[in-house]
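In the two complexes below, chain A is the common chain; its partner is chain B in one and chain C in the other.
The block that comes next holds the complex of A and B.
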């Protein structure tokens, strides 16, 4: 966070801030590129915020990772709706506290605020996905 | 009087039975479970989860918040703070005032009283969170009940679900249980309990109205609440998350209050006695509606997964908890 890249990406990491292309409505997360990846225009972007509950579109399960990760670790491609109106954003994210056997394509997953890693001991926080707590009663 | 627009709780998914911890050391422990933070959870993440639930119930957006106060006894940092990071994560603006309350489980009620006072000066909407992930050395008695969780309240003007209506304070300066980053010292249990009961009686004695339907006495000893209730001659339902979550210090102030509000009906009232090194604050909270947040405290308790001892230790180590 005290390192420039984490200061710049903090709003995307912690608040799910995304950018919507003014020309075609495609939503970019987490980066704000020069050109829209869909319509290719030299884009102007409007700031938007994603809703922390989305739909699993695809996933893989990582079995071997450095010690700070909990394995087996599902990694998913999600569709995350915007808080207001518009298209959902395609988001790549880590799962946490979820048995891979409980993940299905098309299921809803909830973004929860977690520590992703440390930089010099300082935590970097962002969203991870999980099977909603309300579904585990 | 300070209106409460919303409240929320958060309890980690993972639990361990206290008997499972004790048997690792050939000891016996009574019933009960302790909540264990996941390897990627800390005081900040849990505070944000509870705050999000409270803000949702309050229909309050982050940019409406004028102040964020955070209470904890388990901040792993000497210099960093918690409140400013919670404020950023919930979308509070750059003109938001923040305050960190630490050093005693009583920090929870200290923060609530500061929020009430802020409302009478320069703030319309205040978010207060309590969050703790207690640590304890492997094999220590404190390890069995070193819990984790968070809770939050949103104060403001509008349709209140509850209200903080009265408070009483007893600053005795007495220190019973205390902790460093490395260790926990309990001291003489019976002597400490007597001092605890003194402080609670003084603080509650300052309240104008001593009739309550519910009472919460968050404390590191699960039996102290009943003793306090008897000493005060209360005829109130005691509510505690200690049996399922363990001791959660400043967070326990909010968690137990949330659990009591979940069950209290409109017009009923909760006594909250926040105690820690230095003394006790007694608060009266009146229920205005029976509306509960999307996830109640009991639902967080019910949605759980058991950990074996080694895994629980690993998670505590990874998280610095």
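The block that comes next holds the complex of A and C.
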């Protein structure tokens, strides 16, 4: 693995920076947007920011993974709303510090800032998800 | 369409799928090619082949180009193209050959697919995208498909038992299919009680890791009489890609790429889903086949559970699905998978499918693959339709 890709996506990974398509409102995250994935337009984009609390649209609990992952590992498809208004972004979210039995479709999950992995000694930080405090079962 | 050349399948060959540690990819390809030539009613020699398409994702790093097919088969001095399109690799190779023949550029085309899965593959944990942060990190194959299962159960009330019935059906068929990797039967309790791989999917919801090769010969209407009096025609083909990131909620409970590819294929064939009599579909996991019933239009969205309950996709049902045992029993050597599915439809339409022959005298048969793209962010589907009538 090499470092440059993580330099390009650092604002997305660490600050949830995203981009909204000026033509159709679709939100691109985490990559730098080019042609819009939804409307196909070579669009202009407005910078936006995602709120670190999203909604679980579906999930699984993985029991078999490469060694560097803790198992069981809950994984969700999340809709992450924008800080202001507009459509959410649809992303994968890895859970942490959460009992798999506490996850359900439709629940809110809170993004928590974590060291995700290292690349040649460089720590990569981003968000994992948990059931929000005060909302624990 | 009248200016286009009609395309016929005249031969199908494959090796017994399994853990084939004693065979190289060359051994497997040569055997499948030989079996395919032998299958042609009036005979065919390698010198009759004008061009070839080779499907492999080259998981064991031994066949990076068309030469990977030329070396074991002796097919040189002609166009040989390697095709890779995720799990739709074999069907995409078939489609590419068909398009060349349809366009009038090739009279006799070989399609061959092969994969050495057991030489190197890490199986189910392959594709966990370790170098990604958001785009598919830690998303294995069972996770990508299992996400549809959790959502389908929530949204449509599909039950764990309905999903398990797909595995029971396909193992029942596979036990009768001579080329299948797994030839055992199981019941719903066996599936539900098997070890959890990725909730909600268990071991018996997952296809095995399998080596294999298959080959098909397609020819133009101009030369078909030289090879057989009983050809099977290619009625339609479709291919499409889509991504769950585009925000379509149907991508949480199925695969819009399948709907799009099937739509293209039905339109080209001038038929609808109701006309399909037998199908070989992509059951890498049980849930994949269940949502594919819906995506192909065999039933309404959300009714996949009721469709398996009705018995319609069983071998003696109205529309048998995966008479060969599917990927769950036959195995999933990625480059060979789609080619072997086409072969099974060819055998079914010729009435030569032996112990797994559909007894509904099939006129139209459909073959389907769904593959997932890099970092589990999208899917690619290829659908091919064969017909007894030209």
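Methods note: the second predicted complex is superposed on the first by the 132 of 137 C-alpha atoms of A that agree within 3 Å, B and C clash if a C-alpha of one lies under 4 Å from a C-alpha of the other, contacts with A are read in each partner's own complex, and residues count from 1 in each chain.
By our rule, a contact is a pair of C-beta atoms (placed from the backbone, for glycine too) under 8 Å apart; a residue touches a chain by one contact, two chains touch by 3 or more.
Predicted, not measured: the structure shown is a model, and the values here were computed from it.
In this overlay on chain A, chain B fits alongside chain C without clashing. With both complexes superposed, C is the one of chain B and chain C in contact with more chain A residues.
Residue contacts after overlaying the shared chain place A:41 against neither chain B nor chain C.
Contacts of A:15 after superposition on the shared chain: chain B is touched, whereas chain C is not. Of the two partner chains, chain B is the only one touched by A:115; chain C is not. With both structures placed on the common chain, the touch criterion links A:97 to chain B but leaves chain C unconnected.
After overlaying the two complexes on the shared chain, residue contacts for A:128 are found with chain B alone; chain C is out of touch.
In the superposed pair of complexes, A:68 makes contact with chain B and with chain C alike. Note on the superposed arrangement: chain B and chain C approach each other to a least C-alpha distance of 13 Å. Shared interface residues of chain A, touching chain B in one complex and chain C in the other, are 68, 116.
The part of chain B that touches chain A in the complex is made up of residues 13-14, 38-42, 44-45, 48-49, 52, 62, 80, 85, 88-89, 91, 294-295, 299-300, 302-305, 318-319.
Here chain C touches chain A in the complex through residues 122, 124-125, 128, 130-131, 133-140, 142-143, 146-151, 154, 195-201, 243-247, 252, 376, going by the rule given at the top. Remark: chain A residues 10, 14-15, 68, 70, 96-97, 112-116, 122-123, 125, 128, 133-134, 136-137 touch chain B in the complex. Put simply, chain A touches chain C in their complex at residues 1, 5-6, 9, 12-13, 26, 29-31, 37-38, 57-66, 68-69, 72-73, 75, 77, 87, 90-92, 94, 100, 105, 116-117, 119, 124, 126.
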